[in-house]
Structures are given as C-alpha cells and as structure tokens.
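Following: one structure in structure tokens, then a few remarks.
Chain nomenclature is as follows: A, B, C and D, assigned in order of appearance, with residue numbering initiated at 1 for each chain independently.
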C-alpha cells in the first residue's frame, strides 16, 4: 500500500510522490510563469528504486485551465488518472507502468504543450526536461519504445502536437476529446471573447490582470482566456507578455484570415497532412471523442490519417466533454500494451 | 376602435384584417408548401377605404420558424408588431401607416424570402404578389417611396436580401438582429445538424417527416431544420423536395467549401460588396443587434457599407436574440419618417 | 372549411369566432381589470346556427400568464387547442362539440378562476356569464350533462376548483398538470419572490408597476408575479389593489402558517377531502401530469379521491410542464364521449 | 516555505501534512465506511513542533459530497481553504493558527457531522477523536478558548450542530451558506428523489449500489443521494445499512410529517430555540449566505438568535451557493481574532 501522504489519501496500492523540477526550457519566459514545476510521479505496486525491473512511462497532460495539482486531486465519488492507472494495474487489466503528470499551465490558462516565443518552450520542457527527469530518477525504459503520451482536451491536443513535432520521444499516444478542427470549434468563441475584451477597451493585459484578481469568474471570461491562451501558443507576436495576435479584428470581430491561418497551421486536422512519417513510426495512435462533443473533428483527423495509410484506433462514445475520466480505462491499457518493459 | 375580431382581441385603435392571397410565384413549388398565404394587414385609426388619403406601407417579415400567424398572435404582457405600430401611431410617435405581415414559412421552417428552385420564388412573391395585393386593395402610396421592409432575425435577413436583389421596390429597410456573417454564425451549427441527421442515416426527408410527426421537438432538431432551411435557400440542388446540398460532409462533418461558398455568396457581409447602388438609392438603412447576440456580424456589415460611402443607422443594445420586439419602437418611426404620404 | 379570418389562418375544418362579453361578475373589480373579455368559440364542421342539432360544450381554461388570445394563437409547427379539437373531430376520434376559450387573465397574471374580493368573481364569471353566453347564443346542450371544463396548469387548477365549488355546472373535467400539493410546489418559490420584492422594499404595487413597464422581463419576476397572483386568489386582504397577504414574512422569508393555511384550504389535495359529493356527481374526472413535472401532487390527489371511493382516470407521461398540448388528444375525446348531445 | 510535497504543490508559506487517524467513534459503523480517516493539518510559518508557542486551531468541515481530499485539492485559478489561511496569515490579516481539515464523508455523501445509529458517531469523532489527535500531536491551545469550527453548506450545518450539541469544545463558529430552514429548502427535493428511486422500485440499496458503479452520474442522482444522506443523519431507523426512514411516502411522494418532524428537530432554525446557553458561551457566532442562495434561512436563524438576546455576526453577499471560498477571507480572521493563543 501507498506510504506517501498523497498516496494514502488516494488509497493507492502503488504510490505517488510529487517531484519538483526546475526546467531550463521555461526559465525567463516572457509571461513570467515559474520554471519550477510540480511533477507527480506514480509508481506501481512492487516498484523498487533499487530493483532491476524497468517500467514504461505514461506521460499524462492536463487540459486547458488544468494543472498537475488538479490531475492528482482526490474527491469522493471521483477517480483521477492516478487512481485509474493504479486500479487497472491492480485488477490486472494492464501491466505495471509508471505514470508522470506533466504541468503545462500558464498565466493564460495553458501552453498547449508547444514551444512559443511568448509562453516559453513547453514542448522542449516536456520531451527534454520532464522525460529527462524521469529517466534520470526512476527505473524507466529510457527510450522511445518505453514511452507514451496521453491527455484530454488540450492534453489530447498536446499529445498529438508532441508526436508530430518531437518524433522519437513517444511510441504511442492517446488523444481524448482533443482540440482540433478549429474552423468549426474556435470561430464561435471569437465573438464572445471580443465582447469581453471590449469591456477592457481591447486591452488584453488589463483583462488578464482583472481576471486574476477576481474571487469568482464568470464563464465567458474563461472562454476569453482560452482564446488568449490559444493565441499565445499559435500566433504570438513577440517575446513580451500579452504581445499576441488575435485572429479577429478588435473593432468588428471579423476573422483575420492571416492570423487564423497561423492557428490552422497547428490544427491537427491540417498539421497531420505533412506528418505521415511521424505517425507511421508510432505503435499506437488512439483518438476518441464523445458524440455530444466535437466528435466530427476527431472523425476528420482519423479519416485523414487513414487516407494516408495509417492505423488509428478511433472510438466515439455517448457523452460530452466533461468528466470523461473513465475513458482512461480504455486508453491506459491500450498504451501500456504496446510499450517495452524490462523484467 | 377596431371592429374586426382580431383587432378587438389585440385592443387596437386602428384595425387589422387577415387577407389571403394565392401567389403565382409560389404555385407548384417542389417542397409542396401552399401557394395561398395569409396576409394580415393593419390599417391605422382613421383609415378610410373610400377616402382620399394614401398611406405608406411597412412590410414586416417574420423570423425563422415563424409565420404570419405568429406575428399577429396576442399574448398577455407581450406586444406584437401590430400592437407596436398601433401604439406608436396613437401616441404620435410616428405618422399613420399601413403595416403588412408577410408569410414566408416553408416546410423547412422558412424561405429567407429568396427565390430558390427548391422552395419557390419567395422574393418574387413578396415584391410582386404581396406588394401588388396591397397596392390593389388598400389606399397605399403605390411606389418605392411609399414602402419599407423590416424584420427580425431571418426577417432582418430578408429585408436586406430584398433591398439588394429587388431594387426599386422599397425605399428603406430595418434589419433587427438579421442573419449575417455566416462564417462565424453558421459553422457552429453544422456539427449539431450532422449529429441529428446521423440518427436518420443522413436521410433529410426521413428526418423532416419524423420531425413533423412529433408532438414536441427537441431543441437540436430545430437547429437542424434551420440548417436545412438555409441550404434550401442558399444551396438547392434541384427542383425536388429535399434535393439540397449541405455545406458539410455527411460522413465527417467537414466543411464543404464549394457548397459553403454558395452560402457566403448570400451572406449580407459578402453580398453587400457588390450592391452599392442598391443601398445608395435607399432613404434609410437601419441595422441593429443585441450585444449578447451576433452583434459583430452587424458591425462588419455596417463598416463595409460605410466604407462604400453609404449612410447606415446602426444601434447596439444590451440584450440577446429573443423577445426584442421593443426594438420596433425605434425602427418603425424611423422608417415611417422617410416614406412618402399623400394627405 | 372555415370562413372567419382566424379560422382560415388556423386552417380549420370547423370555424372559430371571437365573441366579446361584458361580465357583470367582473365589473368594478378592485384590480382594475376589464370586465369585457374575449370569448373565442369554436364550432365544428356542419354546425348550423339555425339547425336543430345541439352540441356539448368543452370549456377550456388557460394557464397562469396566459389569456384567451394565447390559446387561439397560431404558430407553425404548433397545434393549439382549437386546432386539436378540430383535428380530432375531423378524423373521427371524437364526436362534434363546441369549444369555448375562457379568458381568466388579471393584472397579476391570472385569477385561478376563483371568486376573490381582490380580483373579482372569476368563478361566477365562468359558470354564469360565460356559460350563459354560450347557452344563449349557440346551439348547446344547455345543461350540466352537456358541459365539461378542462385546462392545463392553472387551467387544470381552475377546472378542479370549478367542479368542487360550482357543482351542477359541469359533468366532467380534465386537469392537465394542474396546480396542487402547494406545500411542495409553492414554498420553494417564496424565497425567490421575496428576493425580488426586496428590490422594491417589499412594495407590491411598485413591483407590479415596474414589471408592467418593462419591455422584457426576467424569469424570476414572472415567478414573483405568480406568487402574487396566487395570494390575490387564495389570501386577499381587502377589496383594494395589492391588498393581499403574503404567506411569508417580508423580512426573513419565514413561512407565515396563518396565511399559508388559507392557501392550503384551496389546494386540491386538501380541498378535495370535503368535496366527495361534488366529484361523485361527475361522469369523468381526468387527471394527468408529466413525470418530469409535479406528478406526485397529481398522485396524492388521485389517491385521495380513490380512497373516497371515486373513479378517476389518471395518467402519467414522460414529459415536463411545457408544450404538452398533445395531451388534449387524450382528454378532449374522453370528455366529449361522456357528454350529452342532441341530434 | 513548505517542505511537504502537498505544501509545495499548494505554494504555502506554512506547511500542510496529512495525518491519518483511526477513529474509535466510527469503528464498525453500519454503513461500512472506514474508521481510518485522513486529517490534513496546516501549520503556519514559524510553527515549531519543539517550540514553546501554542496556536489556536480552526477546524474546517467540508460540504455534502465533499471530503478532506477535496478541501486540500489544488487547482489553477482557485484558492482552497488551506491556501486561504496561509495567505491571510502571511499578509498579516490574521494571526498564526493551525487549521485542521475534518473528513466527514460517508457512503451516502456525508454525515452532517452528527451521531447517527445508521452512520456512526461523527459528532463524537470530531470533538473527541479529531480534536484529541490535534491536542496530542500539535502545539495547540488545548481548550475551548483555543478552538473554532467552520464550514460551508453541510460544513456550515455541522459547525452549528456541533456548537449546539457538543458545548465546551469550540469557542466560536462560522457557518457559510449552512443548511437550514428545511421546510423551504428540502421539501422541493423530495419529489426529485422519489422520481429517481422509482426507477429502482424504491429500493434504496439498489439505487446506491448502481450510483456507485456509474462512471458518471446525472445531477438528479446527486440530489437523491443528498436526501438519503440527510435521512441517514436525521431519521435513521436502525443500525443497518439503508435502514432509514424517508420523509415522504414512496408511492405518492406525500410528505410524511412524522418523519419530517425528526428532520425539523435538527433544523438549526428549530433546534436553536432550545440552545440559548450553548450559543451564549460562544465568543463569536458568524453566519453568512449569498443572496442568490437560501439566504432567508440564515436570516430566520439569525433573527431567532438575536431575539434570544444573542450576538451574531451576519452577512449577506451577492452570490449563489457555489465557489464561495473567498468568504473564508472574512470568517477565518474573525474566528482567529477571538481565540486564545500562547506565545
């Protein structure tokens, strides 16, 4: 049984501890987010730091507005990702594995796990600093064949982005309800964001500062932050806080196609078209989405990958975007099954 | 005081009667909608069919899913457009005028007041058959200078469409919360419509038939009907019921740009660019939209018209898309003020 | 086919006209509502004012915030009660009958069809003035055996109230989702109403006046009006506008049991206990309610009636409180089947 | 700065650790909940287990469906109660204090912190086992004058319940949006719970078992669990799982006054009437509630206490029941200010 406080709180058979790493990739980032990040690491029952056994590592990425703390938080009647992996290992549904919880939060709500002149180099942070920490400090299978990446929503996006832009790091990925098909999914939010920003005369910094100071925040402001967070990842203008290009005109709300084209370049349904080789080297591509969610974006992505001759495991389920942690029960075993292990 | 039953029910100082016209433009339409249509006509206090005075006519167009019956329906604590015009005339806010309520309903929820090979020629029906009926049977100022057109939502769209495509009929228009900026406003609904149609294996006729048979209909089915109604107006394929092209792929939901381009060609923010002359001849262009609605589309339209050197009266108000009949109190007097009358 | 304008608008096979009656029972009512009321009357196909045939009459009562105009309003994709009765007669589901639409609106949103020193004598108005008008002007079966009363929500309540307090007028009733079981249904709204009234320092008249002046009204104000309307019916204080007792303390919101007892005295689940004879003389008692609505109140009522040895037709259906006009397809034929007719 | 993993994750200047205690009061409880409970304990900056300084302890109780884990969970853009106390101490708004997070969860969603033959003795658990653990293991001011209890929602209820039933333990309490005025607050939920239980033929155990097995649970089932949880606390029938009396008839939903009277006996607005002495010994009674929440219950409670000559600090604020952690910024300093400390 778990011996750490958090492990006991979560009633784990394995254990979890929270490491903290200072990431060179994030140092001095313009937005002023900390370079020191929490890095919760789950180890399965029987894990022995001094032993000879080596385990594959599943890297899990949180969604937009989330952080590492949220992913390891416990709550009655809920099962977090750490509890899921523990339960699946204990009941034999999947072989033992290490699970690392990556923190990709920024002041604008999330980094999309991308390198950005505005946010800092979050992709490098994951594949070099986080992965490096695991390989240096845990009994990992320290190679591509021993690693997978997964996540939900922006974490699903991040998984796709990292396998496309950082080939050789992960052998498999799972994207649950990942961001994609921006033309349908994003444009609808531009108007709402513009409406909110007008209250601040279009001053992004003023909005963010006011947002952070509020004890409780209205829904439309979260939605606005999300658009700013995306702009900081997809269309940064300079290495200076809030120096981002918005994909709409701040007077009329009209879509600015020049900026939006930069977003689309990072949209998985577009980006995948030039990434055949990166997908082809993977042992498993897993994509799912609820049918009351943006499931058509996932379909477009999957169809495009299959048209390129790639294998994809694709599932649709009857649910929306919220509280779908139970999908880990599908993806975690599927990922673990294809990874190397060393007894 | 009113002497007709409906006029008394609505407590009018003027009166209203419901004419019925059989429109040659709508006869034999592929969708099978009736060519006989109700045509409620409001006449102001003092109106005398035998007198010498002549009145301008305000043609009001209902929104999507609406019809002429809905526009004249009375209800406690509500004021319909007929009651508004009556009240504004009685209290002296506007001069006496006739108001005609145009019925543009179709089996798919609305015609957008356009000529369509699939629906029938609703634009012709309005400018020739409806206007012709008024001029033949009422003491109207029977010329462009004596007519204005207005409406809310799809009725606002229709007003814009008719002044752009049927120049010489109306001297002024008012678009309240009119459909426009489809790139932002419509794409979001494609996914919902696709989700609903999948339950019918993509068979549009099967969906519509099932929809019509239901005693009570879920919201997402209305939204689906709206997309079908738009397709029937903007991208009909043939003169046969349900022979319409949808602007998305019915397998993945991906936007079909070739079809969507046909929609955009009718989007006021696009269409206006070639209609400078049509707008320039108008005495009043009135556009408003609530700031919790698609107000940015209205802004884009207005900016484009102004960039062409045109005058537009533009208002934004703090409200959403629903129950905004009180905006008639602004538009009706403004329209009446610019029209000809003959004492 | 219909020859009246409204009848044609509603596409009736029979016809409908709107009479207007000046009700002695409502004259000089303290709230200042008109004593002249619209009274739409539907007559079936073949109805001949000069003929020898006589028809039973179904009296339909609208719900809270409704009025006679709302019940006869037409709207695409909707079927109003007049259209329902017409359709059911045409397709042979029920025998021909007259249907009269009773207007029971007040400035506070509704009368509950009760005699009240504050509102006026709405029960008397129905059973004497409205019924009297029908019997004097139409070919009715002018006796108890030729009349039924029905309605939805407050109209269902009114039906129950009238058969309990005005025995001998109606031979059958149908209550669709009628108000009852106030202990569960009403107390929840007291807090909301109190919250709204606090904005007006508890001044009921000030609130009502402000409410009436608004172009658009928020939901919680409707809910507040409903509590005021109930108080005007169940716990009036004097024959003076707004002289009503509220069943809660206007400082703390605490339930005032003395006032609430007066409400409960009119709650069908309580009142029925002393009205065995009044129910026993009926040919049909019909009660239904949706299972996503206050269906348990209906169950309590039905159980109490059955415990008294009375027959009740009771149905539950899978729906909520809104847009349940399709239930008329059940109640109208059931009522018509038990009424007298004279060929 | 914090040295524990959780303390670092929450970026505390003080620190937090999670103790686990095995409570004799909870052993062998009929519902089968664990007697071992997590007990997170926050210690302020400068806290020295070997030092001479002694601190007052603030005992915080979570709400219904919550648990100790939820109260210490971190999340971006959110501030939990541990972070609040730390921040308020660091910025000098309140003097240093220990904060203990009490876990009162049960299989039915919460214990209300009461002794119940069905759930176990949660009041004894708090005042004897939890308080005993703190006094034995931390440098506390180990007497009534050094302890306060507070919480939100059911935690607010628990605070009231404990000061009323366990006098001599706490010198002050704060109830944020605490459960009270059940006549208005609870009866509305009986119908919803009954509707849900009907799907299980009224079998409570079957419902709970199905609920626990679901990966995702609909809102109405939470609401049902809440009523069951209350019944287990207020109207248990026997020391056997699910042997509880419901305050409504499971056939008609009618309120069972005999059972509901047992609920009302524990309703703070009723119970307070016999607890003058228990309140009088307190140094601070703090009650608040949002004005879009059940604020009238709080008003009734406060008025009753004041009528008894007691001092109460009462606040209303413009918000609802959710995400009101910022109210701790008011209550925590107020409580800390009246407690003893030993330098």
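Assume contacts are C-beta pairs under 8 Å (C-beta built on N, C-alpha and C of every residue); 3 or more make two chains touch, one makes a residue touch a chain.
All figures in this text were calculated on a predicted structure; none of them were measured in a lab.
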Option reproducing the contacts of A-D, where over half of them reappear, out of C-D, B-C or A-B: B-C
Computed distance of Cα centres, chain C from chain B, in Å: 35
Interchain centroid distance [CA atoms averaged], chain A/chain B, Å: 46
CA centroid of chain A to CA centroid of chain C, Å: 57
Pairwise touch network: line, ring, star, complete, or other: ring
Chain C-facing residues of chain B, complex: 4-6, 8-10, 17-18, 20, 38, 65-70, 73-77, 105, 109, 212, 215-217, 319, 323-326
For the chain A and chain B complex, residues of the former touching the latter: 181, 183-184, 187-188, 190-191, 194-195, 251-255, 291-292, 294-297, 299-300, 303
